[in-house]
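Take a look at the structures below.
Paired with chain B in one complex and with chain C in the other, chain A is shared by the two complexes that follow.
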Partner chain A sequence: MGEFFDFFLNGLGLGAIFAFIALGYTMVYGIIKLINFAHGEFFMVGAYVGYFTLRDLDIERVDLPQPFPIMLDFLVAILFAALAAGILAVLTERLAYRPVRKAGRIAALLTAVGVSLLLQNVARQVWTANVRPFPDPKIFRTLDEVDGPAGTNLYADRDFETSDGDVVVETQLVVSQGETVDPAKRTQLEADGVEEVYERVTLSPKAVQNYVLLALLLFAPILWLLVKKTRMGKAMRAASEDADAARLMGININLVVAATFFIGAFVAGIGGVAYIATYGKVDPMIGFLPGLKAFVAAVIGGIGSIPGAILGGLILGVTESVLPWMLQKMGWDAAFAWKDAIAFAFLIVVLVVKPTGILGKPMREKV
Partner chain B sequence: MLILENVDVYYGNIQALYGLSLEVKEGEIVTLIGSNGAGKTTTLRTISGLLPARGGSILFEGEPLVGQRPEKIVGRGIAHSPEGRRIFVGLSVRENLEMGAYLVRDAAKKKERLERVFSLFPRLEERINQSGGTLSGGEQQMLAIGRALMSRPKLLLLDEPSLGIAPILVQEIFHEIDRIRREDGTTILLVEQNARMALKLADRGYVIETGRIVHQDQADALLDDPKVREAYLG
Partner chain C sequence: MAAGGLLTLAIDLGPDGFWWMNLLFLVAIYAMLGLSLNLINGYAGMFSLGHHGFWAIGAYGAAWFTIQFAGTMPGPLVFILSCLFAMGVAAISGLLIGLPCLRLRGDYLAIATLGFGEIIRIAIQNSDKDVLGGSLGLAVPRVIMDVNRESKGDFRVLMVGVAFAIVVLMAWGIRNYIRSAKGRAMLAVAQDETAAGLLGINPTRSKVTAFVIASTLAGLAGAIYAHYQGNVTPLEFGFMEMVKIFLIVVLGGMGSLSGCVVAAFLLIFVEQWLAKLPPEAGFFKDWWQVEYAFILVLLMIFRPRGIFGPREISDVVRSLRRKFSRGAAGENS
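So, the complex of A and B:
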């Protein structure tokens, strides 16, 4: 039972990431009936921006007791990731989707596939195809603060001059775990130009999974209020039901569509940081499979439905985690290798049973 | 107040309106009658900016409307209650009405208009928190008209308010349309297939056939016109 619960919670954590991505799919589909294949790439770009924020900005340096510096680090990374993804989505909509909006759904779909490939390739050019490991948060210490045997490895960022005269910053292990930091060692470090060292905090997968779930639990009601109560949210709902009728109310559809893209991608950006913390890596292809699965999640939940996207994401995450575990218990050793196939098979079953998804509205006839 | 002159409208390459001209004067109820597919809805959609006019001109209070976006045209004082009602079924009655006042920022004004709509259609107040989709056809029509009134239009465009509604409710709705003109001074362009009811309510009428105006006269004269009687009042 305990083991089941572990897999279940793990599934919820993964599902929360799908939910973060699925929300944008479902919101955009709801309003312009476009399956935005580039949405996974908005997520990927958000993940990179979150990655660089965590790696390079050293926000953990703020003078607060632990764990607040690390929390702040993540909050800023999430904010930047979300904003970057949101802005990219608005630009994409304006430059690529809006010009073809009247050309029919196939044209729009092909444009979305094109944008998706374009963004993947640009990411590969700009950031290389290398898989980058997650930058563990740092706890900074000045040299006088370390004394005696070091509890963990201590690192320092140091400037090096390359043979062609460029200065590069490199991380160096300066004190190994257990090594004693005495005045002699300190003098030696100072001589090397080290004034400050840091330890790297390895996040436990369970803690990450709980925080990701917590983030979804906090964010879902905010999104709900936004869509349910605000003027823009009501305009979104009206426009997604009937764009012409909404225009007759005085609603500027272009603005509503742009806002929808922004919010959808903003949420995906949050998911991007959740992803790199969960999977411990970022690369230009991470938008592909999670994006596809989030789309599956949106369809399972009922495309166009916001609660459906969250529910679909969580269900898919749990299915992907618990079902292979059960199948393995039943004697199928390779079950985990098949988890993606199992997820897609699950989609097919749901769609056969309920073609509009779990919370999807029955198809309305258009007047 | 509203003048259409030689308006041509196309769906793709297919022409739907041919040099259509009509006028609505301030304070009037004017009706546009004609059989299914004649071009009545097309005319209203062109006025409110949902369809582009390829030729001719549309003037509202002396200013051109052609080429303006629908969301700007509402702001100019033209509200359109579309054919088939097109209410937002997932939104509550209150939210539907709020959408009608989307461009109104003043909460006191919104409240006053909401009360006005409820005084015309008390059933809507009873159903204020129900979702639009749960209303009967007649109630949905009331909601569509009420929603259009929330922008306090100078000109109200009504597209077939009697369509698919029980006769008793049609009576009620037409009675309120008359009140909207008398008590609020709202000018109305009413599109109907139910020519008898529309002509009884209106001051003047136009008859449209395959995208062209074929008759125009005082409403009572049209009611007595043998050709109109035969084609539309039979």
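So, the complex of A and C:
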């Protein structure tokens, strides 16, 4: 039972990431009926921006008691990631989607696929195709604060001159766990130019999962309020009901669409940071499969529906995690290699049984 | 294994000729895929994103068949039988996938077929090494002729010829099909399913038929492709290929058969040309995939209804000629 529960919680964590991405898919689809294939790339760019923020900005240095610096670090990373993804989405909408909006849905869909390909390849050129490991949060200490046997490994960033004369920063292990830091050691470190050391905090996957779920629980009601209670939300709902009528009522459709793209990608950016924290890596292709699956989640939940996207994401995550585990228990050893196929098969079953998804409104046939 | 006397020409293509032959072959394959997808997405008014799956099924079907039977029969016979086998497998999978999925409409159908395309790829990737080769793929024995240094050129020329003959036959067959009673019924269903149903057309049967025919033809393209490449790997049949096929259909002008072939040529030419840029091209070489994607986006923004719109090339030529002769007449008067 314990093992089942682990897989279930794992699935919920994964599902929360799907839900973060699926929200943008569902909102955009609700308004302009476009399967925005580039949405996964907004997520990927968000993940990269979050990665660089965590790695390079050293927000953990802020002078507060632990764990506030680390929390602040993540909050800033999430904010930057979400803003970057949102701005990218608005630019994409303005430059690529708006010109083809009148040309029919298939042209728009293929433009979206083209943009997705474009962003993937740009990311590969700019950030290289290498898989980058997640930068663990650091707790900084000055040398004076270190005394006696070190509780964990302590590292320092030091400048090294390469043979080409370039100066690169390298992380070096300066005190290993258990080593005693006495005045002699301190003098030696100071002589090496080390003034400050830090320990790396490895996040436990369970804690990350809980935080991701918590973030979803906090964010979903905000989004719901935004759509149900604000003027912009009302305009969005009107535009999704009937864009032409909404325009005649004085709603600026272009603004509404841009806002929808921004909010959708903003949420996906949050999902990007959640993804790198959960999986401990980032690379230019992470937008593809999670993006596709998040779309699957949006369809399963009923596309166009915000609660549906969250429900669909969680259901898909749990299915993808628990079902292969069950199949493996039943004697199918390779079940986990097939988990993506299982997710798609689940989608097809849902579509065939209830074509509009779990919370989708039934389509009425007009004669 | 010289099949007929004409295959001993020892054509020397040289590096450029080799590249062109390869390009033309790929154009023919993508034209076949585009033509068959046109039947679903262009004429039948459905929306499939799983066509690459049937291509993969055809390629793997032919590869498997050839491995089983190479050497037991004359080579060309194995080639033909393997193509038929591939078409049969693709047709059956088209039927199995089509029956449940074609109840769905529009984007839902697109997503369901996309799911199937991915499932097929994952299934091949995880397959047993001894059956379908798993992620390493399968090597396809050469059965039409021995491919060595001398006959390499002959082989390319022969395959390009075969592929284009199939493209022409396919275009002709599809044109005849859509002008037949069944084809017109299909067009009617695409226009308005309810109205067509009231006229006594069975919409489900009409749609499933179109889907199965298109899958079969994609399977044939896969078989020819497998024999030409000499090996098949699951990575060749990713979603990106689906995107290319669909782009060819749209840029050719949905429902235009000749436009489809022209679009296949343009798209594959741009891709292959960018891919073989020499290192001296520097920036342009390094960023070629970005440039390719950028061109695709620009094409969609500026020619969203296809390069020539939904017209056959003969119509385009006729209207151009009319325009020019009118212009000339205008100057005279």
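We adopt the following convention: the second predicted complex is superposed on the first by the 363 of 367 C-alpha atoms of A that agree within 3 Å, B and C clash if a C-alpha of one lies under 4 Å from a C-alpha of the other, contacts with A are read in each partner's own complex, and residues count from 1 in each chain.
Keep in mind that, in the parts below, a contact is a pair of C-beta atoms (placed from the backbone, for glycine too) under 8 Å apart; a residue touches a chain by one contact, two chains touch by 3 or more.
What you see is a predicted model; the values in this text were computed from it and never measured.
J.: Going by the contact rule set out at the top, does A:Ala238 touch chain B (first), chain C (second), both, or neither?
T.: first
J.: Which partner does A:Met249 reach: the first (chain B), the second (chain C), both, or neither?
T.: first
J.: For A:Ala96 in the superposed arrangement: first (chain B), second (chain C), both or neither?
T.: second
J.: I'd like to know which partner A:Val122 touches here: chain B for first, chain C for second, both or neither.
T.: After superposing on A, A:Val122 lies in contact with chain C but is clear of chain B.
J.: Touch check for A:Thr111: first (chain B), second (chain C), both, or neither?
T.: second
J.: Jot down the residues of chain A that show up as touching in both complexes, chain B in one and chain C in the other.
T.: Chain A residues touching both partners: 367.
J.: Which of the residues in chain C end up touching chain A in this complex?
T.: Touch residues, chain C against chain A: 41, 47, 100-101, 103-105, 107-108, 110-112, 114-116, 118-119, 122-123, 126, 194, 239-240, 243, 246-247, 250, 254, 286-287, 289-290, 292-294, 296-297, 300-301, 304-305.
J.: Under the touch definition given earlier, write down the residues of chain A that touch chain C in their complex.
T.: For this pair, the touching residues of chain A are 29, 33, 35, 96, 99-100, 103-104, 106-107, 110-111, 113-115, 117-118, 120-122, 124-125, 288, 292, 295-296, 299, 303, 334, 337-338, 340-341, 344-345, 347-348, 351-352, 355-356, 363, 365, 367.
J.: Name, in rising order, each residue of chain A that touches chain B in their complex.
T.: Chain A residues touching chain B: 231, 234-235, 237-238, 241-242, 244-253, 361, 364, 367.
J.: For chain B, which residues count as touching chain A in their complex?
T.: Residue positions touching the partner: 48-50, 69-71, 74-75, 79-80, 82-91, 95, 98-100, 102-103, 147-148, 151.
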